[in-house]
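Below: one structure in structure tokens.
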Amino acid sequence: MTELDAVKAALKTQAVETPSWAYGNSGTRFKVFAQQGVPRDPREKLADAAKVHEFTGAAPTVALHIPWDTVDDYAALAKYAEELGLRLGTINSNTFQDDAYKLGSVCHPDAAVRRKALDHLFACVDVMDATGSKDLKVWLADGTNYPGQDDIRERQDRLAEALSAVYDRLGDDQRLLLEYKLFEPAFYSTDVPDWGTAYAHCLKLGDKAQVVVDTGHHAPGTNIEFIVATLLREGKLGAFDFNSRFYADDDLMAGAADPFQLFRIMYEVVRGGGLTPDIAFMLDQCHNIEAKIPAIIRSVMNVQEATAKALLVDRDALAAAQRSGDVLDANAVLMDAYNTDVRPLLAEVREESGLGPDPMAAYRRSGWAERIVAERVGGEQAGWGA
Amino acid sequence: MTELDAVKAALKTQAVETPSWAYGNSGTRFKVFAQQGVPRDPREKLADAAKVHEFTGAAPTVALHIPWDTVDDYAALAKYAEELGLRLGTINSNTFQDDAYKLGSVCHPDAAVRRKALDHLFACVDVMDATGSKDLKVWLADGTNYPGQDDIRERQDRLAEALSAVYDRLGDDQRLLLEYKLFEPAFYSTDVPDWGTAYAHCLKLGDKAQVVVDTGHHAPGTNIEFIVATLLREGKLGAFDFNSRFYADDDLMAGAADPFQLFRIMYEVVRGGGLTPDIAFMLDQCHNIEAKIPAIIRSVMNVQEATAKALLVDRDALAAAQRSGDVLDANAVLMDAYNTDVRPLLAEVREESGLGPDPMAAYRRSGWAERIVAERVGGEQAGWGA
Amino acid sequence: MTELDAVKAALKTQAVETPSWAYGNSGTRFKVFAQQGVPRDPREKLADAAKVHEFTGAAPTVALHIPWDTVDDYAALAKYAEELGLRLGTINSNTFQDDAYKLGSVCHPDAAVRRKALDHLFACVDVMDATGSKDLKVWLADGTNYPGQDDIRERQDRLAEALSAVYDRLGDDQRLLLEYKLFEPAFYSTDVPDWGTAYAHCLKLGDKAQVVVDTGHHAPGTNIEFIVATLLREGKLGAFDFNSRFYADDDLMAGAADPFQLFRIMYEVVRGGGLTPDIAFMLDQCHNIEAKIPAIIRSVMNVQEATAKALLVDRDALAAAQRSGDVLDANAVLMDAYNTDVRPLLAEVREESGLGPDPMAAYRRSGWAERIVAERVGGEQAGWGA
Amino acid sequence: MTELDAVKAALKTQAVETPSWAYGNSGTRFKVFAQQGVPRDPREKLADAAKVHEFTGAAPTVALHIPWDTVDDYAALAKYAEELGLRLGTINSNTFQDDAYKLGSVCHPDAAVRRKALDHLFACVDVMDATGSKDLKVWLADGTNYPGQDDIRERQDRLAEALSAVYDRLGDDQRLLLEYKLFEPAFYSTDVPDWGTAYAHCLKLGDKAQVVVDTGHHAPGTNIEFIVATLLREGKLGAFDFNSRFYADDDLMAGAADPFQLFRIMYEVVRGGGLTPDIAFMLDQCHNIEAKIPAIIRSVMNVQEATAKALLVDRDALAAAQRSGDVLDANAVLMDAYNTDVRPLLAEVREESGLGPDPMAAYRRSGWAERIVAERVGGEQAGWGA
């Protein structure tokens, strides 16, 4: 197999998970702008996700969010996904929208609230059992807004206790993916604010606990690819939540704000052997003002382009330049791949896989956008329910 | 008058404007936690604000937000405020919650949307005419989320045109206060992102246009007191929106996150002659998880304490140390005032003004909190309606 | 002329000014790593700069820094530059390295120090008269490290006075370019910390005073292209100091840290009519660990590539998408240009201009690197003298 | 013992280590402003440090930096310290100033350079053996400036290997303290950029490896007290480098930029049982423009004041408010301590310890400043030698 063939083969098997909630309405605290044609239930979200996969060939799984995607019969939902050519992916828990969670969930000072949150996490594992999902993603909105509001250290004790209980509930093939975030909605302290905290907890939990890197959850200036490289080295990188940001957790389309950063991240993934099914590559975005389905298609394509460039890095030349201490040459080898226009290559890959070369155009031509606007009339549009 | 008497006199006349919306529910994009007893209409907001003024003696005016405080008869509302011992203050416009504003308001590419937004701003001036309010505060959520989405420069042209139209509509005693903000809800470019942009527009508009400094609207590391000093030197500081933040526009209680910064800001206000009725000292906060009325009382007290410390700075000693180039001595003079516990002084000031020494305790004793929980049953609680 | 011809024509006339000090040693406060072959005087710096111009065809002028480039006979230096195919460009003042400037220069509390600094600025204008340089660039290290250290507002008064005196000293064809910087070396307040401050001063000075945008001098999250667009709209953009950064004022090679940002900046330049000789496009970088001359060649190429992409933006398609409010389409038009590999186009442009297609390779082949190492033995290497 | 007595007792035994290099000259990359009377050798640094201890009673140990404090006879130096009433403290290694370290030290691609750096670290342990110092502090300037320059992950492997070798060399009572830093002097990737990385390495090394928190080494927005609480909970907090900052690693006097943050940090120290000799509380500051000895005295006092306030927090009341979920009350309990003027208490503590109540005044009266200016003439002033 030539090197280019290897690159193509890797691109053909790359899978990006899309989140059910990205197909629904979202917004800021100032306003949620509803869009026409937005899904009104999990099945309609899956139908939209199927279109993304149909035109990209790279989005075979869909993440669910409980309770936003609560249904009576998860097995039936999984079967419906299958009929659409999809599989259900990560189960995302939500312990931040019940009125009880004003001061936290599993870190709350009141044991009754902690119990309630834990029960929700257990229920999510039940959903996994029903859907066949492998991963439970736990992002906690827990934290405090004011110094002194609660005891930072005791909250860690409560957190450890809850995570341990959830971990014990996992089946052999199931994983707990712990996500960190610097701030929001907590504005003073967050209980899992950085990768170090998530890592320390996962380490104690065991092999089935791994860290999630959401690319929008860091302090300004954080070198995210360093974290990726480090977690891969430690065997503790479980998943990505891709999105992009200029400021805070802006949740823009992946690759839109800093395509060079996405490339550097994907380079560390490739270099660290992370381009495998063991790591979930998920989008986690909010399409507040742009059309949702094509935004997701574009995001999948952006991840593909960053990956293609990462795969094209001449690793031998890079290693040689690095070993010789030639700063400019080493940087040039990396930039040479980044500066390559990989769109023709990806068009070729798609055509070799029986897809059209241009997913955006194919989606536009499909008439799906017009159809959902026409058909999805009445009912309540899906959203965050914030 | 002794120096201490002068300090007391200044503190006795200090006025902090409270915003009607801080009495209503607020939250993040993840969740708005409703609180019991929250006002259901502008009159109930005023009733709460009257309590803040009753116990602090320092919050005589209330800012309105249109349309959140829309009423049929503004003159009657103003009269009601008067009966409560209050006056209506700044009118805050809202051009970010109508569905039309998804891509902006006065900077929108579509002239019809711009016209709609302008009409709203005119309507706000009408409200001012009816309430006797002096100031129109314009904070625009306008901006873009993605590079290329719109033309940055044309948006400035549209902005200038709209501001000019509003300015022309102002009465002789009315002012246009232009507020800037780095980001949110726009995540790539904001049309009035910094004080420089607000200043440049206000300069061209004329003397009745002035800049609003919201303490939560800056990039990390920004020296806000420098901006305050500069705007005062330029005669272009119109108002403050006080709040505090550890991360972004967190809208925590003023003085809660960085009391030293609030002190430094108030020092520049005092030093620049800004402690006058010409500058509106407003709170703009979100009490997402804490009880709202006492949080506002606490915030007023925090502003008072910072002001008291600023007034206590030994200006002669400071100037002497500065002139001599003694870095440590100059810093020590400032810190000496900051490290002073001014709570006894403020208690004294309150008692001399016929108030109780401890507004928080007085509020607690008043039974107001219990009364509004009991009485405000049914109806729809006020909030942002996001 | 076809559109592509117009793009090529613009690229052929693009000029990037290189700074004499980038050819000398530089470092951090922790260490300056000396490199072999570094120039020992202004003539040797010019000789290196001539190589950059020889292989790129795009670096015809060299900025001087006084006193680092002090010579007895500036006219002779200018003539030497001419012999090398170069011209002398901007004169950069230095009021931060004399022992007197510990607490500032033109903003210093002591009038004698202010006078000394002013005399230096006058002397720089004298140099301009001798060299024929058009622009005086004033970057002031003035500021304070501790709250209270000096009076922020009085420092502005002193600043205004000094700038006015310098402005009055300018000849008809000379300009004062005022540069702003958030922090470093001052760590609490900086006297010209942001574009707003520089703009306000330049506005009062008059048409010959303009603002310099150094791409490394902003707070995290600042949208630099917005500032560029705004200053162009105001007619107040005088020059760039290009470099790149991940953290603070890192002074890395332009385009190395965020090539997409450089593209967005160049797009606003092109769109705002700024690609003219009236705006000085200068590099201001520190090649602490990489070979200096090739790093500068690479930086010039990075600016060229960003410019080429900016010129390739389909402005009509972009305007149409923007007007229609199609966020994704508008973004796609911009990204289409960014994702284009413009290296072949630039190779063509170079060949049409009689240059080799690959400046880096041409430099390597030239043997200049080996020659200067061999010849520049003994003497004192140029550096910042910090 | 009453509670106040317990607070006093804690304050009487508090020890802050001062670093030898803070007594020498320092500066930024732009300029080092020399000061009169600065020490010219380690003994003179100790003499200055003895003055800080004489007037504060709280600075009994002095950290050394190798090679800045290299002497022939370390035992003699330790004896001299003893004569001055001091002890030698932490040994700080320096693997960033040799010309060999341009691309790193223990992470360098070249094994010979790594070996050289390792030998230096071993030599530092030798110094510890001679001085009786317990702690080796390792701060590495290692990192890269450009993407691709070196392999991020291999550098971690090299780092782990070196740390392990040093760890094995430690005596039973010796510790390796690993310090992290976001950036500077490396401007793209740093090999120990955050607490998570330091923690992960220390965990693998063993009990004698602990993490150092330098308060100036974090990304904007980082909640440092959270890290302190977490490291204490993990038993992995070894030491502090105190200083303060508004922007980056500004190295201002501790408590000068954000006294509230220092209080919050000290509160977590107290609450987590960290106010013990097992944790080294060191200053690491640069007095670039202010007189050095009084700046260090002021810094020690700032740490004492923050500690006093932290000790005064009513822990029972705080816990009760936290448990009840009363956000405002819990915050108020903490703020009550912060707003207390503890200067009279500390004056009392000093007088009870036989010291003057005001260390700054006592130092001024001592005539030491004048004496060292008069006596320390000629020779080369100590500095960083950058």
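Letters A, B, C and D name the chains as they come in the text, with residue numbers starting at 1 for each one.
The rule is short, and it goes like this: contacts are C-beta pairs under 8 Å (C-beta built on N, C-alpha and C of every residue); 3 or more make two chains touch, one makes a residue touch a chain.
Remember, it's a predicted structure, so these values are computed and weren't measured experimentally.
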Comparing B-C with A-B, the busier interface by C-beta pairs is B-C
Matching C-D in over half of the residue-numbered contact pairs, the equivalent interface among A-B, B-D or A-C is A-B
Chain-centre distance (mean CA atoms) for subunit B and subunit C, in whole Å, is 39
Cα centre of subunit A to Cα centre of subunit B, whole Å, reads 38
Where subunit B touches two or more other chains simultaneously, the residues are 103, 145-147, 182-183, 188, 220-221, 223, 246-247, 256, 260, 289-290, 327-328, 331-332
Listed in rising order, the residues of subunit C that touch subunit B in the complex are 103, 109-110, 145-153, 156-157, 182-183, 188-190, 193-197, 199-200, 203, 218-223, 225-227, 229-230, 232-234, 260, 264, 268, 271-272, 318-319, 321-323, 325, 327, 330-335
In their shared complex, subunit D is touched by residues of subunit B numbered 220-221, 223, 246-247, 256, 258-260, 289-291, 294-295, 298, 305, 327-328, 331-332, 338-341, 343, 360
Within the complex, subunit D is touched by subunit C residues 26-34, 96-97, 99, 101-103, 141, 145-147, 182-185, 187-188, 220, 245-248, 250, 252-253, 256-257, 288-290, 384, 386
